[in-house]
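Got some structures for you, see below.
One chain, chain A, links the two complexes that follow: it is found with chain B in the first and with chain C in the second.
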Partner chain A sequence: MVSVRGHYGAWAVALAVLAFLLLFLVIPVAQVIYVAFQHPNTGAFTFVNFVDFFRNALFRESFFNSLYVASMSVVVATLFAVPLAYFTTRFDFGAAALIQTLGVIPLIMPPFVGAVAMQMIFGANGSINLLLDEYFGFTIPFMEGLNGVILVQSIHYFPFILINLAASLQNIDRSMEEAAQNLGAHGFRLFRRIVFPLAMPGYAAGAALVFLKVFDDLGTPLLLNVNNMLAPQAYLRISSIGINDPMGYVISVILVAFSLFALWVSFFLTRGRDYAMVEKGGGGLGRRELGPLGRLGAWLVVLLILLIVLTPHIGLLLLSFGTIWSFSVLPDGYTLAHYEEVFSTALPYVRNTVLYAGLAALLDVVLATAIAYIVWRTDVPGRRILDYLGTAAVAIPGVVLGIGYLRVFHELPVPFVGTPLASWWVIIVVALTVRRLPYALRACTAALQQVSVSLEEAAFNLGAKRLRTVRRIVVPLMAGGIMAGFVTAFATAAVELSATIMLVARESDAPVAYGIYVYMQTAAGRGPGAALGVLAVVMVGVATYLSHRFVERGRRVEEADRRLAVAQGA
Partner chain B sequence: MNEVQAHALHGRAATIQARRAESIRLEGVSVAFGEQEVLRDVHLEILPGEFFAFLGPSGSGKSTLLRAIAGFGPPPRGRILIGEEDVTHKPAWARNVGMVFQSYALWPHMTVWRNVAFGLEERGVDRAVIRERVGRILELVGLAELAHRRPSQLSGGQQQRVALARTLVVEPRVLLLDEPLSNLDANLRVQMRRELKELQRRLGITTVFVTHDQEEANTTADRIAVLDAGTIRQVGPPVELYDRPRELFVATFLGSANLIPGEVVAEGAARVFRGPDGLQLPVDGAEPLGRAWAFFRPEHVRLGEASQEANGMLFRGVIRRAEFLGAHVRYTLAAGALELLVDAPHDPNVPMVAEGAEVRAVVPTRLVRLLRA
Partner chain C sequence: MVQLRRLAGTATAVLLFAAPAMGAGENQLVVVTSFPKDLTNVFKQAFEERNPGVTVEMLKKKTTAGVKYIQETAANNTSDIFWASAPDAFEVLKGDGLLARYEVKATGIPDKIGAFPLNDPEGYYKGFAASGYGFMWNTRYLKAKKLPVPEEWEDLTKAVYFGHVGMSAPSRSGTTHLTVETVLQGLGWERGWALWKRIGGNLKTVTERSFGVPSGVNSGEFGIGVVIDFFGFSSKASGYPVEFRYPSTTTLVPANIAIIDNAPHPDLAAAFIEFVLSPEGQELLLDPKIRRLPVRPEIYERAPDLPNPFAGEIGASVYFDVKKSKARYNLVNSLFDVMITYRLDDLRAAVGALHEAEAALAANPNEEAAKLVARGWELVDAVPIDEARSLDPEFAAIFTKKRRKATDVVTGRQAEVEREWDAFVQANYAEARRLAEQALALLR
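Let's turn to the complex of A and B:
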């Protein structure tokens, strides 16, 4: 730790960051929780709102539906992820690159974008069921009500389990497995008694993340017209009954509580039981060649999952190029008209998105760099609080943040603009900033930790003051991580819907995600909505690719540095 | 681990029932990772009850050979026999060969007790018997009180004991140890290697261990196989390998060596080794002609006593370096084109030879061996 005393600059920055986080994260969320426990008429502290909530049949149903959908999504996502993770880490059969791609493809499409396309393919009158009905005389209710939400969500979020589980499996020291074989274990017993327990933390972390994401998600149920779940109920109560209806707040508290619970589970399971112990023997399970039959089977499983995972993408493309697509396996004809419409009328959405997501991502990396530096390189008292607050946003569902902003800022006029802060477009940027800060913070912290303190000390030693050192030494060395943080924040902010949908005051302020939502409400709007969705996917895809490149490059530089250090040491 | 426990380990080893010791025979074993051959045509017989070491630098294939015996790594060519049984194509889990891993490979999600019980459970041993045998082996390694700890709560030495107990409790046919002492600190290492040897003696189990540390191999093993670049260079008891290395690699890998390049030529009926600077050494008449190295140990060279040893190789040179190593002083002697190492026992009453001094040195002919590269 560099401890240079008398640096009021760091103090000032820390206070500014703290003020931002208090104003736009702590106070709105605290307000939401406060209102949930406040009697609607008297204002006194009470549990009556919660009692009312559970007395209402619709809310009870929504609560259990949300729990059911989140749990089932974890189950279905597990079915996708476990074979893939196991195949890549265990067998050499040439599909590793494909499986890695599988791990990214779903993430570049926000689930709500693909939801309608999934209807077209898996729905009651979708391609699959039409074919099934024609040839076999039966249909499968893939998309009926909650099933649809579960399918869409698990396709979208299974990579969280895949990535975490594969990493866990790769980190198991090979001798752990060999020791068990040496003592007589093999086959499924070996998997059950040694391999799976050792990979459990990674699996659980991924599963908890899926649960949390699905439990909080607003866009997908809304687009699938499934309203009897918690997040949609919160949105509908606030948007139809009004900002004073306590039910929206009660639901928010429940959402936050379950988010925290899922995060705690994930944290508890990974922390303190860190089994990542790669030793000299080499990490990962012993790899095996597959026989021809096994190879065929493995490829079939991988391709089947790939097909399912690509369904939303395929459906979206078809929808965006199709003329009329109704009660038929494929669209009746193909046209560019939807793209024409998007480019002639929907460009403001794209412009808004680039503006909002760009500003938010920029603000994110500035905040994240400041927080990381203050936490890791200064001795400002209580600096950890910034880190906790910055990360805590992960546990706050978009709906809750949106409700909090509406509640706190709807009567706060912005000078010279004339509208309340809650309906000024800048609030959308702020919401996106807060929502994506954890991603940027993680990237910047990792980048900073790779910059050796002695590089800074050398600069101090040569007479540079702190701010100049940060500017000339630290930030340039962190550049890769900062870029990765920026791009990740941008990509995820560009397609965020749950907070935005509550904060968009007029259509001219709306970003792409909102535009897609509006288009998808009507049958006629599906084509242009899909075209807009394709644009969004391309945007996010490019950004994700860039982010990977930055991370990769950072890793290569780091690798080169290490080799240099070794060479000099030797 | 404390003294009491160390004592306990010695005392109770006899309570473990040793099965009949078995031999290990390797017949033309080769192992390749893809294109790269890491072991080539290894032939070796390890006798029942022997404490045997694979010694070699990293990359020599010693660990690969050990793992092949346990059934890990790519399937080898040739045959591996344990006792009379050919296990070459048996899977690792069916061999009943005990192996202690370098990292110990204790499963972090199980307690010490569960770790140790694992092998017996896999063998379907009766619960009561498991309880009794696990208890007994944990007593033996002095860890009975720590049975319900997790491996992460144990010290390095304790972890190694658990790994050993976990392997021994299933009464394996032979015991394989992969660099068993490398994860311990220096003091513990010396203590543990004595204990290992003691335990092996009492159990009488055929044991093979892999090490790159010659001192470790010399002090524990009955016999050593020196490996380099995928082949066994020489097999023998430690003393024999040290005194009578058959080739350059063995001579230099075990201890320090002086090597003088030269040639064996015929002089009439006799044969003579000719080195640089007119150096001559009469050699056995059966010695083949051609390039060779004269090899001798630094401690066999004596300074300034040329007259007393008529039958020796004589050198004249300047002391370049004198390094005091406690028990002896290591001199580097520049004699013409040669640089020789000379170890002289330290005697507090005899002053060290100063750097730069001109000296004579002699090595008795009987302590010089001819080696081929």
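Let's turn to the complex of A and C:
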């Protein structure tokens, strides 16, 4: 480690980052919590708002519905993820690439966009139920009320479980399994006593993440007309009764508490996984070839899941190209008119999105690089606080951040612009920056850890100043990771709705996610909204692909370096 | 490094290419409106084409939020026009002295539509289109489910429509509020609420916004929707297999436009109003995605499928009392939510059981069971407060008072009153269901 004493630059940067995080993360959230404990009539400290909350049948119901939906989404997502994870790690049957793709496809579709398309396919009078009714005389309420939210969310978020579980399974020491087999354990007993306990931490980490995401999500329930859940109630209270209604703040506090809890569970269990990896020997479970019948069965399961996972995409495409789709299995006809309309009227949304998400992602990588450098390369006292704050943003639901900004900044005018900060478009950029900082931070920290300190020391020895070293040595070597962080932050910020929906003050400032929400609200059909949704999905898809490419390239370079080092050593 | 340079370059390019319009320029007309983009885009484009160099900024807010926005920014007003449906909202702004008087130059517009004066008698706001209330249905849905076409509100309470109707809630949609209030005024408080609760028992869903109702009918999610007329007309004009009907208990209410007091661009604002009321502006209302009733009678010749209110083609029997509506606005919202929106499952269970008992009763008459069923309906219909109380300003104030400053102290919490009502309603629905089941047991 290079000493920093006497280098005020690092101090100044650390303080600037801290000021940003305090102003736009800590203070708004603290204000929300403070108001929740304020008496609505007198302003004194009180628990009366929480008493009102739990005495109101609607809020009680919303609370239990949110818990129920989040838990059930975990269960249904597990049903999708477990067979896929098990098949890929246990058997060789040539579907590995397919399953890897499966792990990404749902994530590039914002769930609230998929929700509308799912309604057309799985709804009470959607394609599937119309067919079932015609040929078998019964229907299945896939999308009735809470069921719809659960289905949409679990299709969207199951990759979190898939990725974590597959990683866990691959890390299981094969000798463990062999030892168990030698001792006579087979089949279910082997699974229950060896595989399941060893895979548990990865599964639980993924499950906690799914729970957290579903618990906080606002867009999906809103678009499915499910209002008796916590996030929609917070939004509706604030948007229809006003920012003085205490119930919105009480709900926010509950949302934050549960998010922190889920996050703690996730961290706790992932740490457990690291311990297990200490004894790591051989990679993964013993692989087997499947018999022809088993192969057929496995393929059928994988294809069925693939089909279910792709329904939102298929539905959205049909909606965006369909003319009239009313009480029928498929649209009556097909047209390009919706895309024409989108390209003639909706481009400002796209422009705003590129601007906001681009600026936010840029700010994110700057902040994240600064934080990573300060934490890992300097000895500024208390530097870890920056890391904790930057990561903690992941536990703050978008609705809560939005409410906090409205509360703190709605009477703060911006000089020369004349509008309060809360209704100036820049606040959307700030919200997106804070919301996506954890992603960028993870990417940049990983990138910095791969840069050898000796290179920096060499630069110092040659007389380079710290700023010059950072600029010429550290940042260029981190470029791949920074780029990956930028693109990930961009892709996820581009379709964020829960914070933006609260902060968009005028439609000309609105990003695509809000545009989709607005376009869906018309009596003249959801075609243009769906076309805009396809556009957003393509945008996120391309960005995700690019991010993947940068990470892969970084990995290849690293691999080449290592080989070179080995060769030189030999 | 090359990547980073490129990244920085891209970001700068993005900034330059995308710098959004900053602030309100010299020739920027700012319109605060509750209308959807289908309507505002058409008028914005047409007005900008006719006035080169002028841009129109549509500030989209829900009606109530729009009123609040204008009130809060009054000291430093940057908006020129308020453009929305609900006449009560304009009354509120007029009462606060936030509207400017304006004499319309356009001629050829009648003074009244039905029994309702088209313009504010004191000259503060003008009607530019008319709207009536009714229901729309999906013809494919009704055919597939073998349902008859409904004609009057009362038809929607029938057992055949159980689970096939959708509507929004007055607290979430200004137009739904007007619909609910129109029926309450047309049938009277008790009969009006009884109607809404029995329709409520047949509801499949209460949508989050008014747009959810036409969307639901169009896609076939439910068969019949309670809507404002232009939702039905524009869905049909867009090609959906739907029809719309005005029941006889309806009213025609103008949608309005007004200049805000102390507007930064009064001349542009006046030009915009004249344009909206001109024959070409009125003809824009016939756009398939808008389909609102124009206030110029001659326009109807170009739209034979739109009913002409000036030729008596809409039998609007209710005279809509704006003052009454304004006095109990929030109270009606809250009452509807407590009795229907948030107790939908209990209400549906009670009404469903009563329908079943009635069907059994028709096949097998039984005096005792008939009494139980009648008593069950009474319980479903009951309202916790009477009309006089709904108009009592002191009581209604509980629903409007807000603590605005830290020093304000407010007495009586809305949550307390709602809890009382909820207990009343929940007990009634449970008892009605029990009676219906008892009647069924007698008949078996």
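Methods note: the second predicted complex is superposed on the first by the 559 of 570 C-alpha atoms of A that agree within 3 Å, B and C clash if a C-alpha of one lies under 4 Å from a C-alpha of the other, contacts with A are read in each partner's own complex, and residues count from 1 in each chain.
Heads up, the rule we're going with is that a contact is a pair of C-beta atoms (placed from the backbone, for glycine too) under 8 Å apart; a residue touches a chain by one contact, two chains touch by 3 or more.
Bear in mind the structure is a predicted one, so any value in this text is a computation, not a measurement.
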Looking at A:184 after the superposition, I want to know if it touches chain B, chain C, both of them or none. Which is it: first, second, both, neither? first
Touching A:176 in the superposition: chain B (first), chain C (second), both, neither? first
Should A:456 be classified as contacting the first partner (chain B), the second (chain C), both, or neither? neither
Tell me which partner A:496 touches in the superposition: chain B (first), chain C (second), both or neither. neither
Quick check on the superposed pair: does A:222 touch chain B, chain C, both, or neither? Answer first, second, both or neither. second
Tell me which partner touches more residues of chain A in the superposed arrangement, chain B or chain C. C
In their shared complex, at which residues does chain C touch chain A? 1, 3-4, 7, 10-11, 14-15, 17-18, 20-23, 36-38, 41, 57-60, 62, 64-65, 68, 76, 78, 138, 140-141, 144, 171-172, 204-209, 211-212, 214-215, 218-222, 230-232, 234-235, 238-242, 288-289, 342, 402-404, 406, 408-411, 413, 415, 418-419, 422, 426
For the chain B and chain A complex, residues of the former touching the latter: 70-72, 91-94, 96-99, 101-103, 105-109, 118-119, 122-123, 166-167, 170
Which positions of chain A touch chain C when the two form their complex? 40-43, 52, 55-58, 119-120, 123-125, 222, 225, 227-228, 232, 236, 239-240, 242, 244, 323-328, 345, 351-352, 354-355, 358-359, 362, 417-418, 425, 475-476, 479-480, 482-483, 486, 506-509, 518-526, 550
Touching residues of chain A toward chain B in the complex: what are they? 173, 175-176, 178-186, 189, 193-194, 197-198, 200, 273, 275, 277, 279-281, 286
